[in-house]
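Take this structure, written in structure tokens, and hold onto it; I'll ask about it next.
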Amino acid sequence: MQTILIQLDTDNQASIFDRVVAIDSGVAQIFSCAAVTPETVTSLVHGAIFTRGPADLKHTAIFIGGSSAAAGEALQKKVLKAFFGPLRVSVMMDSNGCNTTAAAAIATARKHMPLTSVPATVLGATGPVGLRAAELLAAEGAHVTLVSRTQERAKAAAETIRERVPQAIVVAGAAADAQENEALCQGAEVVVAAGAAGACLLSQGALQRLSGLKLAIDLNAVPPLGLADVSANDKGVTHHGVLCYGALGVGGLKMKVHRQCVASLFEASDRVLDTQAIYEVARRTAGITT
Amino acid sequence: MQTILIQLDTDNQASIFDRVVAIDSGVAQIFSCAAVTPETVTSLVHGAIFTRGPADLKHTAIFIGGSSAAAGEALQKKVLKAFFGPLRVSVMMDSNGCNTTAAAAIATARKHMPLTSVPATVLGATGPVGLRAAELLAAEGAHVTLVSRTQERAKAAAETIRERVPQAIVVAGAAADAQENEALCQGAEVVVAAGAAGACLLSQGALQRLSGLKLAIDLNAVPPLGLADVSANDKGVTHHGVLCYGALGVGGLKMKVHRQCVASLFEASDRVLDTQAIYEVARRTAGITT
Amino acid sequence: MQTILIQLDTDNQASIFDRVVAIDSGVAQIFSCAAVTPETVTSLVHGAIFTRGPADLKHTAIFIGGSSAAAGEALQKKVLKAFFGPLRVSVMMDSNGCNTTAAAAIATARKHMPLTSVPATVLGATGPVGLRAAELLAAEGAHVTLVSRTQERAKAAAETIRERVPQAIVVAGAAADAQENEALCQGAEVVVAAGAAGACLLSQGALQRLSGLKLAIDLNAVPPLGLADVSANDKGVTHHGVLCYGALGVGGLKMKVHRQCVASLFEASDRVLDTQAIYEVARRTAGITT
């Protein structure tokens, strides 16, 4: 029986990126659906679960994607609601690569150092990737400072993380420019930049000025970069005593995690690959055993 | 040369159900087209018939689906018109599963008993499945009472059947509620319920009250069921001396018929799998040889 | 690693013709995108180039199609702009079959005779196929008379050809009817008709009246034909001393060229199969070695 991945994409064109990765993960058939909405998704899910028998449903799975993580989460809720008892298939949500990117970034950090009680700052933390990076850092026990342009959005994001990770230690901070961002990175051992493309979050020389900083990860691949001191290709390079990773430096692990996750959907019919589950795959893929 | 099934779906999202079944029928490639209209279908059909040579056209076929049987029939007409002599491919129409479901239901009945001159009542007979179930019963020689909520719609459906099956013996009846439905089932040896989801057509105890009834089939899988005495999972179970089938009890044969039909499209380039042809497949699949 | 062809189609339904040919060219996976616009194409291209590594990008390619050659050319420009250095994939443009049809027609002519300095007239030369046929004749060194219904459009087309083929010898002519077309064919050794479906460009007996004419190709397959003396099935048949090809007579080579071109996309990651490159494939496919 052939493996079938049903791509439910919230954009008007189903992501080519996700389709190529699906094929490279060994999926035999990819069924792409574009412009999927919570209103239209239920009959698509029923089509997936009412054809093959329960014992064969592990050969069918659902991938939720698109450029909006919020739209993807809304879709995921409806997908999970459409299942009936054993009539269910595994589901992965990775709109805009938010989960695989955040998971690869934090697994990269975790590979270099334990994160328990480590002070860590996430810049651009209210976007889809930043929010998930902060969540994963908090779940690893880091003491997270979550920075956004407004205190209101930062607080809301911190609250979301506390709901998902009850033991989370998170404080919210607002920063209007690179200087204010830098102030909120003082004392951090880990800094992750996940701002919008083209937003410079820490200016040149910041790595030197931030004493105590051990690891800096910039997830922005489009110049101007998020951390002026880190280049997109940096992959464990040391600048001024700080281990640096750029977006492309994290990208190899991200791609592996994405492929591993898709492949693992077909091991059972009840996998739900959300942020935490994808992070578990990233940890294994990165060779983290502790 | 690979087999290609071209799915022409009248809905905004091409049915996942039909795509999965196509793959499980052994089709190598499925090309899905959504929101297909009679206005746009001709160039799609030309794309199918003008590529491979006439001798190879049996490796390409068309499946017409979607939630509306009327839209599917309109599409089928245009598809057949778009062919030129030997430049044609096989076609199957099964919008909303109307043909495979009706064919599986009546083949299930036929397997248990000859239907010639047998009094049979179809409830909810003006919907896509009910109309086709009544047509197939009439074609088997049953004396069909076709029941709808209004006499007008019932008469129109009976007329449609007489056009398709000239020798049909069909009478139209109107029933406003379960009690009136039950009155129209008096004397029937076979009752098929094909009403809308959630409409109770015969109330509890009806099977006991209907003397002479031998076989009852309820095609509604969503509670409340169409026949209160029959459960969705019933598969040849006897209740009060009546052999009973629920929607899931018929479902296994329906799925087999669907797959067999898709596979048979590729045996020649001129198959047209409509109600009667799909019923022939259902008879063979059910092992009916007489 | 599987070959993936990404079909970017400018119509609301992605061409079935192009999808079938892709499969018959040996492509493992075809990803079809409909209603693609220059505004939405960049992220689709990024999805294609940011997944597989540069060394593997030759296993992915892009096919641009749809019913409008102008829309296809606009898309091609944006596709080529979206590449970054080695992050690119091979691209073929064949909206409405314009390039493969024109290439097959002129390769057919070239197979029979050298074209250098040969007087040649293209009728209906401002349509997508006619313009490209005229361009390819000019590139072969023929002295081309390019005919349209208005002098203005004919001149613009001649100018376009001079931009693409600097050494081109092209004159523009206007003809309102078959008689005026015939006057512009006087002295031509080659006539190619590429008018709109149903437009008769040369009336019955023209082949006899045109002294010096050696080869006539009519690319219109829908009656009434473009050249009344040539039938759609003619394939190197001689009428009144003139070698004749109809649309179906050229069609076999066109299909082979289309399949060869698609297959050749996967030989490298930097092929751009436009009019001239597709003609090179047509020459090789037709066995022209000089």
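Here are some notes:
Order of writing sets the labels: A, B and C. Residues in every chain begin at 1.
One rule holds for everything that comes next: a contact is a pair of C-beta atoms (placed from the backbone, for glycine too) under 8 Å apart; a residue touches a chain by one contact, two chains touch by 3 or more.
The model shown is predicted, which means the values in this text are computed figures rather than measured ones.
On superposing C-alpha atoms, the copy chain B sits rotated by 120° relative to chain C, to the nearest 5.
Of all residue numbers used where chain A meets chain C, under half belong to both copies. The two sides are thus made of different residues.
If each chain is reduced to the centroid of its CA atoms, chain B and chain C end up 46 Å from each other. With each centre defined as the average position of its C-alpha atoms, the distance from chain A to chain C rounds to 46 Å. Taken residue by residue, chain A touches two or more other chains at no position, since every residue touches fewer. Note for the complex: chain C touches chain A at residues 1-2, 4, 6, 29, 31, 33, 35-36, 40, 43-48, 50-52, 60.
Contact residues on chain C toward chain B in their complex (touch as defined above): 12-21, 23-24, 30, 32, 67, 255.
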